[in-house]
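Labels run A, B, C and D following the written order; every chain starts at residue 1.
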Amino acid sequence: MTVRIGAIGLGRLGYQHAWNLRFAIPGVELVALCDANEEKLRATATAWGVKRTYADFEAMIAGDGLDAVVITSPSHLHTAQIAAALERGLHVFSEKPLGTTVDECRIAEAAVARFPERVFMLGFMRRYDPSYAYAKKMVAEGQIGKPILFRGYSQDPERAIAGAIAYAGHSGGQFIDMAVHDIDLARWFMGADPKTIFAIGGCYAHPEFGQYKDGDNVAALMQLENDAMVFLFAGRTAPHGYNVETEIIGTQGTLRIASVPQKNLVEILDPQGVRRECSQDFLERFGDAYRNEMVEFVRCINEGRKPEVSVYDGTKCTQIAYLCKEAFETNQLVRL
Amino acid sequence: MTVRIGAIGLGRLGYQHAWNLRFAIPGVELVALCDANEEKLRATATAWGVKRTYADFEAMIAGDGLDAVVITSPSHLHTAQIAAALERGLHVFSEKPLGTTVDECRIAEAAVARFPERVFMLGFMRRYDPSYAYAKKMVAEGQIGKPILFRGYSQDPERAIAGAIAYAGHSGGQFIDMAVHDIDLARWFMGADPKTIFAIGGCYAHPEFGQYKDGDNVAALMQLENDAMVFLFAGRTAPHGYNVETEIIGTQGTLRIASVPQKNLVEILDPQGVRRECSQDFLERFGDAYRNEMVEFVRCINEGRKPEVSVYDGTKCTQIAYLCKEAFETNQLVRL
Amino acid sequence: MTVRIGAIGLGRLGYQHAWNLRFAIPGVELVALCDANEEKLRATATAWGVKRTYADFEAMIAGDGLDAVVITSPSHLHTAQIAAALERGLHVFSEKPLGTTVDECRIAEAAVARFPERVFMLGFMRRYDPSYAYAKKMVAEGQIGKPILFRGYSQDPERAIAGAIAYAGHSGGQFIDMAVHDIDLARWFMGADPKTIFAIGGCYAHPEFGQYKDGDNVAALMQLENDAMVFLFAGRTAPHGYNVETEIIGTQGTLRIASVPQKNLVEILDPQGVRRECSQDFLERFGDAYRNEMVEFVRCINEGRKPEVSVYDGTKCTQIAYLCKEAFETNQLVRL
Amino acid sequence: MTVRIGAIGLGRLGYQHAWNLRFAIPGVELVALCDANEEKLRATATAWGVKRTYADFEAMIAGDGLDAVVITSPSHLHTAQIAAALERGLHVFSEKPLGTTVDECRIAEAAVARFPERVFMLGFMRRYDPSYAYAKKMVAEGQIGKPILFRGYSQDPERAIAGAIAYAGHSGGQFIDMAVHDIDLARWFMGADPKTIFAIGGCYAHPEFGQYKDGDNVAALMQLENDAMVFLFAGRTAPHGYNVETEIIGTQGTLRIASVPQKNLVEILDPQGVRRECSQDFLERFGDAYRNEMVEFVRCINEGRKPEVSVYDGTKCTQIAYLCKEAFETNQLVRL
């Protein structure tokens, strides 16, 4: 009944996942931790009373005593670790992206297909945010009629720009690193894949992204196979904070999720006007979602069912993000 | 058909009324202007092409050629001017307050009663603001059920404090100068007069008001004869701007009018958060209301009917404001 | 000093323009009215005391006694009437669109160029809305840094769909009839013309638009010559009302104008939640703007200067709208 | 290090507390459950794997193996259970109210005073809501200057009225049952106790409350010893949902917490307008606060310190609530 989990990766998000598994997810025992940073690994394990620690993922999954792994390692390691863990008979939760190329994604797809009795879940956490889940239910019930336009914004705050520039050579670019979440949401809400993609953008504040054929702010317009429209905007220079905002326009109603990134329920009236402060990063905005997705992972294991997010969603979103990048780089319309 | 109007008072609001009469109110001819400031009087009349100017109200109404007067003179002159104009057979619009004491108000009441065929209108302009009028209609139609609580805020911006202090000896204090508008709204929306009044407050930032037995911020709680409740707050120190905000809680719904004093429809997202700038004074907030009430005044004259705001409303609101002040000064419950 | 104006067109907007000229615009005398509907023409002229009426535009401008004309006739008549009035030495205000084709626009351009001492103004009224004007000032002052993305929505309410379908053969389609206002705003705020355009859309609720190679909801993504991005959305099926919403994302701040189409300042708390009712048509939303632009037209005449909106803006916006339509019809990227 | 807790009470809130202790609070072991409902007790204990169950509180605390108790029993049992548990050497968390009379509260106070080395915490959970905590920090830092007015609303939804009426004979009334939370907040934010209290209200929809000398909606206006003002409103008939809303007006700024009771971050645009759905009960609104206060309780135990909410706060709030009730019943001003 209790699911024994080993977690790899103690970076910012990995640490949060591990903390949740240790303290905030019912029915879980965090039995092993793995990270290349030996000091952090030891300190964390000691503080939390986790007995087994590993510098090496293979070693962690080699022994007995694990039912599942949670992977928050560097992106290019994901697919190999997914495949290895599945081979060992473990259930697997992997952070996004599934892989850094479509080919890598295919490796994960094949592994998941070979072990249909295992649970595999991909960390598209937004689907597990209470507001997105509520909106999805309304759309599924037909409350907004036929979806016409999906608009998704993903903006990181300007104050985090140094890290974004430092990481720019590895991130895959704004479409692959940021807009991929919106691509997942668009497919989920609108129920179709794109048939045409156009993308533009530029370096409006930070020319450094240019060397990676990327912009600091980019946008894409897609038409889906069911003719619905998708507009995506991803940017690194938001002065106000971490802004993830979604709109779904339908024939009978429109939904907006987090149309302003309110930090909390406090409204301030002062010489600047009437204002709300803004959330500043993904952990602040999506803390509940990260917990909820892990609860769902554990439930899927216990109930022998599959999560809504499939490995195929991971591949497809990666593919679409790459096509956005291709449209952006070539300044050509891309047709699927 | 065209109503020939003489206007007295070219202070801030008086000038606006006169401008509206000259340029923005259909069916009106502004034929005379009256003000003690000769230079301003002449300059205004010349610029607008108004032929007749007067330093003296009696002189303005003495001759022929006027159908009505609009009075925006100092408050203590209102009732005498109202009576004099009515005696001359003129229709009268007077700015609030009706008078500076209840006794003065009785003089105006008596004059209005003597000339029932004349139109008399008092400048409780909020009733003619489109949002207040819309809310009133909803309440009258029963859309919020039975009214339970009326909450009215009237806050002047801190940046106008010097003028408020300079004027404090003549204004009658926060209840009489500011809250009187909320008293009118409360009676209008809730449909009853108070039976008990309690009032408190203090000088939280500006001790200067203390010498007039007043506070810079004051509040009152009243119970009406129909048991509904009224909470009033009036303050001189709003850091964000001119804030007039009203809430009506009913058994079936609640209405809020201008719950934040938005300056316009622009929303700003910047390092301060997500914000709206605020309106800064009564002309900015109630420009439409000042126009609409004058349109209604002219219509009443042409259609031979009485405006909704009666002279009696003026007396009653003044009386209630004085009782609030009494409750505040004595720190006792006042019963009517 | 007083500007004598003849107005043509007593349709919904034309009537409003004429009413404003008669009653609400300082310094104007409405001396002539022209409309094909003889009954409406006579009734209006009588009610307002306008002496001269015409069934024919040429007749109206033939005589003396006019300084300017205000044209709100059917769109295909605009350019000929503009040219004729200018030839007669009159100042001209024309409703948008300048013309129904780019060639027609060139006719108006040439006429305006021939009479440089005359005032010509085109009715892109949004620029004269207080909120848009406020936002423009902020952008011009650099308060949001360098503009990155302009997003413009123009949605008509579903409840007006019958009229939109009836008019669909003449309107030129959503880009030309609706999005043209957003195209003007985009050029105005972003300070550049497009270099690439992609457009999509469809008939999501009303297949009737298909016969005109149009959709009931359409969108376009453009890149401007300064690399800034423009996203436009125009729809005919908004369930909530008349929604004109604009966002300008800059490197230092973001502005949103009318991010929700609030009808007034009343907020309602009831079993549906906390809500604002919505504005339902262009006159409700842009009443102030229609007045303000006319005030500006008169001022330009009196002060001998040109309005900010030029005839060239009209041509350029028409051209861009046609290119959007071309992109939509061909499903190809259009490059300028 | 792990704190072993026994929890009494499996009603709606008690169950939630117990669930949190079992699954969501780090460093806790839920070792015993106590409830009079044997069936519910057994089912819950079995489902969660809690070994010890008790029908009787005394029995639960009699044995060894407990470090602390969490009390969510009927209100009139609180003080006796608090005293008994402290006598047994246990740390105690008790739900509000501390007691149902001031005399009962004194019993708890005395017990807490006898065992100064034990942690006693009272469930004024709002202080642990992230938004209230954020606002408190701002006020403490002087960001809004000197506090002038505290406004606190506590409204239960009309749809829960049947339960409220059934419970009316035991609840103590709106001031004691509902407004007590706002009294705690007012003292916490404003830093002073009341010196004068006036209270009114009535049965606007449900005469049943009249037999308990209570209203379905009530209000109080207080002046504090530092002259700041407090306005409280408590109602049972909110049509829109569970509305807990607080405003703190200061000389330099105003804060509003949850000025509308938004259910989530979804905004809906449909024929009703632009709206947010509302939270419907205390668990939905304050789920985080209930968790956070328990985390703080456990931390206080482990760190050997006292929580910010003292037993004295409980007595004082109860006393003030009773004085509000007295003012309401007698229709007299109450002075402390």
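Following the convention adopted for this analysis, a residue touches a chain if its C-beta (ideal position, glycine included) is under 8 Å from a C-beta of that chain, and two chains touch if they have at least 3 such contacts.
Only a predicted model underlies this, so the values are computations on that prediction, with no experimental measurement involved.
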**Q.** Chain of greatest Cα-centre distance to chain D
**A.** C
Q) Comparing residue numbers, which of C-D, A-C or B-C shares more than half of the contact pairs of A-B? A) C-D
Q: Let me have the rounded angstrom distance from the C-alpha centre of chain A over to the C-alpha centre of chain D, please.
A: 37
Q. Quick one: chain C and chain D, Cα centre-to-centre, how many Å?
A. 56
Q: Could you tell me the distance, in whole angstrom, between the mean C-alpha positions of chain B and chain D?
A: 42
Q: Give me the residues of chain A that touch two or more other chains.
A: 238-240, 252-254, 259, 262-263, 267-270
Q.
Using the touch definition from the top, list the residues of chain A that touch chain C in their complex.
A. 145-146, 148-149, 158, 196, 198, 200-202, 204-205, 217, 219-221, 223, 227-229, 231, 233, 235, 237-240, 249, 251-254, 259, 331-333
Q | chain D-facing residues of chain A, complex | A | 22-24, 26, 130-131, 134-135, 138, 144, 252-259, 262-270
Q.
Which residues of chain D touch chain C once you look at their complex with the stated criterion?
A. 238-241, 243, 260-263, 267-278
